[in-house]
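The structure appears right after this line, and notes come after that.
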Amino acid sequence: MSILINDSTRVIVQGITGRIGSAQTHWMLEYGTKVVGGVTPGKGGSSVEGVPVFDSVNEAVKETGANASVFFVPAAFVLDAFLETIDAGVKLIVIVPEHIPVKDVVKMRSYAIEKGVFALGPTTPGILAPGKGKMGIMPASMFAPGRVGIISRSGTLSYEFAGILSENHVGQSTVVGMGADPVVLRNLADILELFEEDEGTDAVIVVGEVGGEQEEKAAGFISRRMKKPVAAYIAGKHSPQGKRMGHAGAIVRGTSGTVQGKHEALRAAGAEVLESPIHVAQWAKKYNLK
Amino acid sequence: MSILINDSTRVIVQGITGRIGSAQTHWMLEYGTKVVGGVTPGKGGSSVEGVPVFDSVNEAVKETGANASVFFVPAAFVLDAFLETIDAGVKLIVIVPEHIPVKDVVKMRSYAIEKGVFALGPTTPGILAPGKGKMGIMPASMFAPGRVGIISRSGTLSYEFAGILSENHVGQSTVVGMGADPVVLRNLADILELFEEDEGTDAVIVVGEVGGEQEEKAAGFISRRMKKPVAAYIAGKHSPQGKRMGHAGAIVRGTSGTVQGKHEALRAAGAEVLESPIHVAQWAKKYNLK
Amino acid sequence: MRLHEYEALDIFEQNGIPVPRRGIAGTMHEALHIAGEIGYPVMLKAQVLVGGRGLAGGIRTASTPDELKEVADSLLGSDIKGLPVRKILVCEKAEIAQELYLGITIDGYSGKPVIVVSTEGGVLIEETARTSPEKIAAIHIDPNFGYYPYLARSLLRMLGLKQQLITAWSDVIGQLYNIALRYESLIAEINPLVVLPNGGLLAVDAVLEVDDSALSRIRFTLPDRVDRIENPLERRGRAIGVTYVDLDGDIGIISSGAGLGMASMDIIGEKMKPANFLETGGGITADLLYRCMDLIMMKQGLRAIFINVYGGINPIHEGAKGVIRYIQEHNVKIPIVAKALGNRQEETWEIFRSGGVHVVTEAATEKAIDKLYELVGPA
Amino acid sequence: MRLHEYEALDIFEQNGIPVPRRGIAGTMHEALHIAGEIGYPVMLKAQVLVGGRGLAGGIRTASTPDELKEVADSLLGSDIKGLPVRKILVCEKAEIAQELYLGITIDGYSGKPVIVVSTEGGVLIEETARTSPEKIAAIHIDPNFGYYPYLARSLLRMLGLKQQLITAWSDVIGQLYNIALRYESLIAEINPLVVLPNGGLLAVDAVLEVDDSALSRIRFTLPDRVDRIENPLERRGRAIGVTYVDLDGDIGIISSGAGLGMASMDIIGEKMKPANFLETGGGITADLLYRCMDLIMMKQGLRAIFINVYGGINPIHEGAKGVIRYIQEHNVKIPIVAKALGNRQEETWEIFRSGGVHVVTEAATEKAIDKLYELVGPA
């Protein structure tokens, strides 16, 4: 089992005719993902890697029965394409691009939640379910099928943790990048909930970083709702203090987003804090994870 | 019986300390309306016509148990005060002021409908239930208790029709001004529905005017849903053609909003078309209305 | 407030909509100069705020300077549908591959902005809407959600267009929507929106009507609204704060409320002819009605005056004082009939009667107009 | 991009927020001139983009021209927390009856704008938030609904203020919210917002940080973002399109991804000291990594380089070619350790090895850094 993607996931690639879109379509197909169509307005009728391209999401969904979409659309056009995708009835959306204005993300988030759409990103590597498929840019060689869930704010660190586990013969059920932006389309706790409910997942690794309050809020969820073991690594212990820009954020959050604060919150919630990524191997051994 | 207002209607007056607000509070009280409070930010603690004034709608509602509000607020502040009133839990709002920007009315309408609030106006004389009370500016001397409902786009013509009926010993159950603006907070059909369901109303008079499509849409409702007799008068037969400003409106409506077009739609729906206001007396006689 | 075509074209251009090269001319020489810069042939378009201008001869072509002189001379200073042509717009004559229609308005019934497009623009657009509805598409915009380009693309796809035209057109729709939003317009329209032989678009006409109630909060520089009204009596009406429409009859009307005013006109119109429509709104004072009397008396050949007011929001007893003062100061001799009901009606009647005004106390306007007819008879 | 206080004050003023009389000075003579116009006493405020400026001596008072000369001289050209003071803001010294706090930011967790107010503004605001939460109030704004003044009034009522202050303050909140919206700011803050003895308000400080991702669509005239970065290496990083943070160690880092870069720094930091943080983002090319090598080599005393990249969205084999080209053209002698995994990893390893780069093929960054430590030892 896996979360978010499975055998019935039929993916369209938005911005499929771009350099990155076409390259990643290749990798997704090679990994066995059911990429059934692509969208680039004005390029309808062509094809990329054997996948038909449509002018609109609506058309793509109607013609291909797609139920999921991954974005390689230039940042300036993401908001528009995102709303179009939701209106076309797609229920799972992965937003890979970075540098999307926060104002646009705020709008995207509110519309997705209103419409019951599960969306990840922006600035996410996407989702990969080993042996089943992937939406996004995760490099296949790092992953192996198994029963550990990974959820990460950082793209490359999600590969790193999967890689360490795979080298130690511990596979993953699903690896999820939640996106590295200050506002993301789904919060950490939302994804933890899916892992907690997934029968194919025995334990979860949270890869966070300094700043914000995702991990603190997730700690609340872990302590209240999670029965599965959780390990957490927070990057940024030796990062220089960010230049503080205002007080409002810290006042609202009631937390300053330090690594130490996150460690304390996670420990208090019963999660195991990993001081360095490589420690995940011992943790997996301790719980006899596969 | 009556629609919209009854014995349990407790009214606050927004903009009560203004010239018109205080004068109309006097008339409303004199007519027996339960005016329980007023609101003018900055004037909290004072009183007008013996009615306590509050700084905020929230406070007024909490202190007085008000469930309805009538506005004598300057046009530029109406939108803000309207949203505040809805958030304070008031379920019936009458917007007397004219010259409110359409953009503001669009926002007000959408929020009121979303929150299940029944609002009338802008540019409405309000509601009057003879012998029970009134919210707005309708002059009491024109009305008499009875069983005919009146709903009018024009303020003064609602007085005119009530006056003609009263002179002919035909009373009114409720008289409702829906507002004269191009966008109003509730459409004609919404109010017709209330009259159709009201046990105290035996027949309804619709007073419309040239332009828009309220009467055409109401005709659809009359033909589908109304069992009570309906008479309609449409002002503007001899009005000079308005200077046409664009086609979009007419294209969308599929009607040009002429008096003749409205007459035809209403006749086809089974309503009796009154060529001149005074004909309402004969119509009332025909149906033996009281 | 409706803007002139040349004013709207400037706003369109500032907001990225492709518009023709053009200039505005108040004299034949200015027109000649502008045409020289643009190159012949040119279009000459009378700048009058009225529909059906083209059919009334207000839109002409000139292929040579001599032709331009002739056309410009005949247009400038002429009347189009009763409105004087003070300025003409001189603009390049576009080669037309196709004429589209684009309009944005507020749909009163749903209370939402609506975008209307058609692949058959031009003067017959409303007929097209009736006879070929498949050539028209419209979409309502949720004001809380806002406008996004994909909405325009899906709208245009309904018309079965090629992607190239969809892309170009949806850009123009977005730009016009922004204008409609920023200028709080009740109507923003391009008809026709021309497809050029190279596939580009050009807005060869521009309609923009701004919500009067929003004027004070829109930032733009245009001549005062009052100056834009051609009819001097209507301009005066606007100046004193009432709605006055000049008509060709001889019975003057003062009413409080537009509905009551229209009904009065309708009833008078059965046997007589109204000289005007005048609606006071809710701001009656003695001074205001004094000025209203002054305004309707400016009309030549007035035979009588009908006053129809209600005391709801208006202090009609104050209004009556203004009327009486005017009558006395100006020694008005023509008959005046007043129907005045509502708060303080008895007091009002007394005041009116003290100045020789015939007061009718019944509710039906018909009875008051019967009285008027009794006094003055048919024209 | 964070604006300087004087830039933000200008924007605040254009949008109706009351701000002090002031001028910006680059020399002592300019400061003297401005102070002369304003009248003494004046405040002198170092314009450096760093918090805690006041406690570091960057905010001073001058009551006489002589005092001003002395203070201006000592500020201009000095460093505040490592940043050079190029300009000072000279402004009127307000009489303070009370200090308020007003901040607007985006709450990352709820994904909504949030307005925060407090009746105890000033440098200790975050402590106030902890110790006296009743003096703080905050409200989230639904972006589809928008901001309306009544929301501010109800927010301020929570603090139990007098209506006069509520009215004045809610005006400022509305103005600041408009600014935050228009400039797509991540933070817009006034701390303190001063209540004057006459009851009026004055924004004596201004913080405005614009969303970098939105810069291209915001219309305003400000010096290019790259010019605003004081550190030359960080400025160079921005110019080539990567995030570079200058640190005081001697191990250079190139990483793809901020998380991986931070983890690399954390692991290196256990035994050695990083010279920089460098994150390439998703746009790796041979040229880009060539330029990254050039950039990190600018740092004096570099002992080794650690490259940590993943081939997900990035073509790491291309990146490796750029690194090798740099090494060969510049005859780089210091040890370079690379961990490069993902798509085309084998190809990438070969390229790296061909240029003498030590390649580690295991997933754990710790192992690669062990290798690095083996090569260079402690500092």
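Details
Letters A, B, C and D name the chains as they come in the text, with residue numbers starting at 1 for each one.
In this text, a residue touches a chain if its C-beta (ideal position, glycine included) is under 8 Å from a C-beta of that chain, and two chains touch if they have at least 3 such contacts.
It should be emphasised that the depicted structure is a prediction, and the values quoted were computed from it without experimental measurement.
Any chain touching subunit A that also touches subunit B appears here: C, D. When the C-beta contacts at B-D and at B-C are tallied, the pair with the greater total is B-C. Rounded to whole angstrom units, the spacing between the C-alpha centres of subunit A and subunit C is 56.
As a whole-number value, the distance joining the C-alpha centres of subunit B and subunit C reads 27 Å. Work out the mean CA point of subunit C and of subunit D, and you get 53 Å between them. Of all residues in subunit D, those that touch two or more other chains are 144-145.
Chain contacts here follow an irregular pattern that is not a line, a ring, a star or a complete set. Pairwise, the chains that make contact are A-C, A-D, B-C, B-D, C-D. Looking at the complex, you find that subunit D touches subunit B at residues 145, 148-150, 153-154, 157, 163-164, 166-167.
Across the interface of their complex, subunit C is touched by residues 144-145 of subunit D. The touching residues of subunit B, counted against subunit D in their complex, run 41-42, 44, 55-56, 58, 79-81, 83-84, 87, 111. Across the interface of their complex, subunit D is touched by residues 20, 24, 27, 75-76, 96, 98-103, 105-107, 109-110, 125, 137-142, 152-157, 159-160, 162-164, 166-167, 180, 182-184, 187, 207, 209-210, 212-214, 217, 233, 235-240, 243-254, 276-278, 281 of subunit A.
The touching residues of subunit C, counted against subunit B in their complex, run 2, 49-52, 101, 103-109, 111-114, 116, 118, 125-126, 129-130, 136, 138, 142-144, 181, 184, 186-189, 191, 207, 209, 211-214, 216-217, 245, 247, 255-260, 262-263, 265-270, 274, 277, 281-282, 310-313, 341-343, 345, 362-367.
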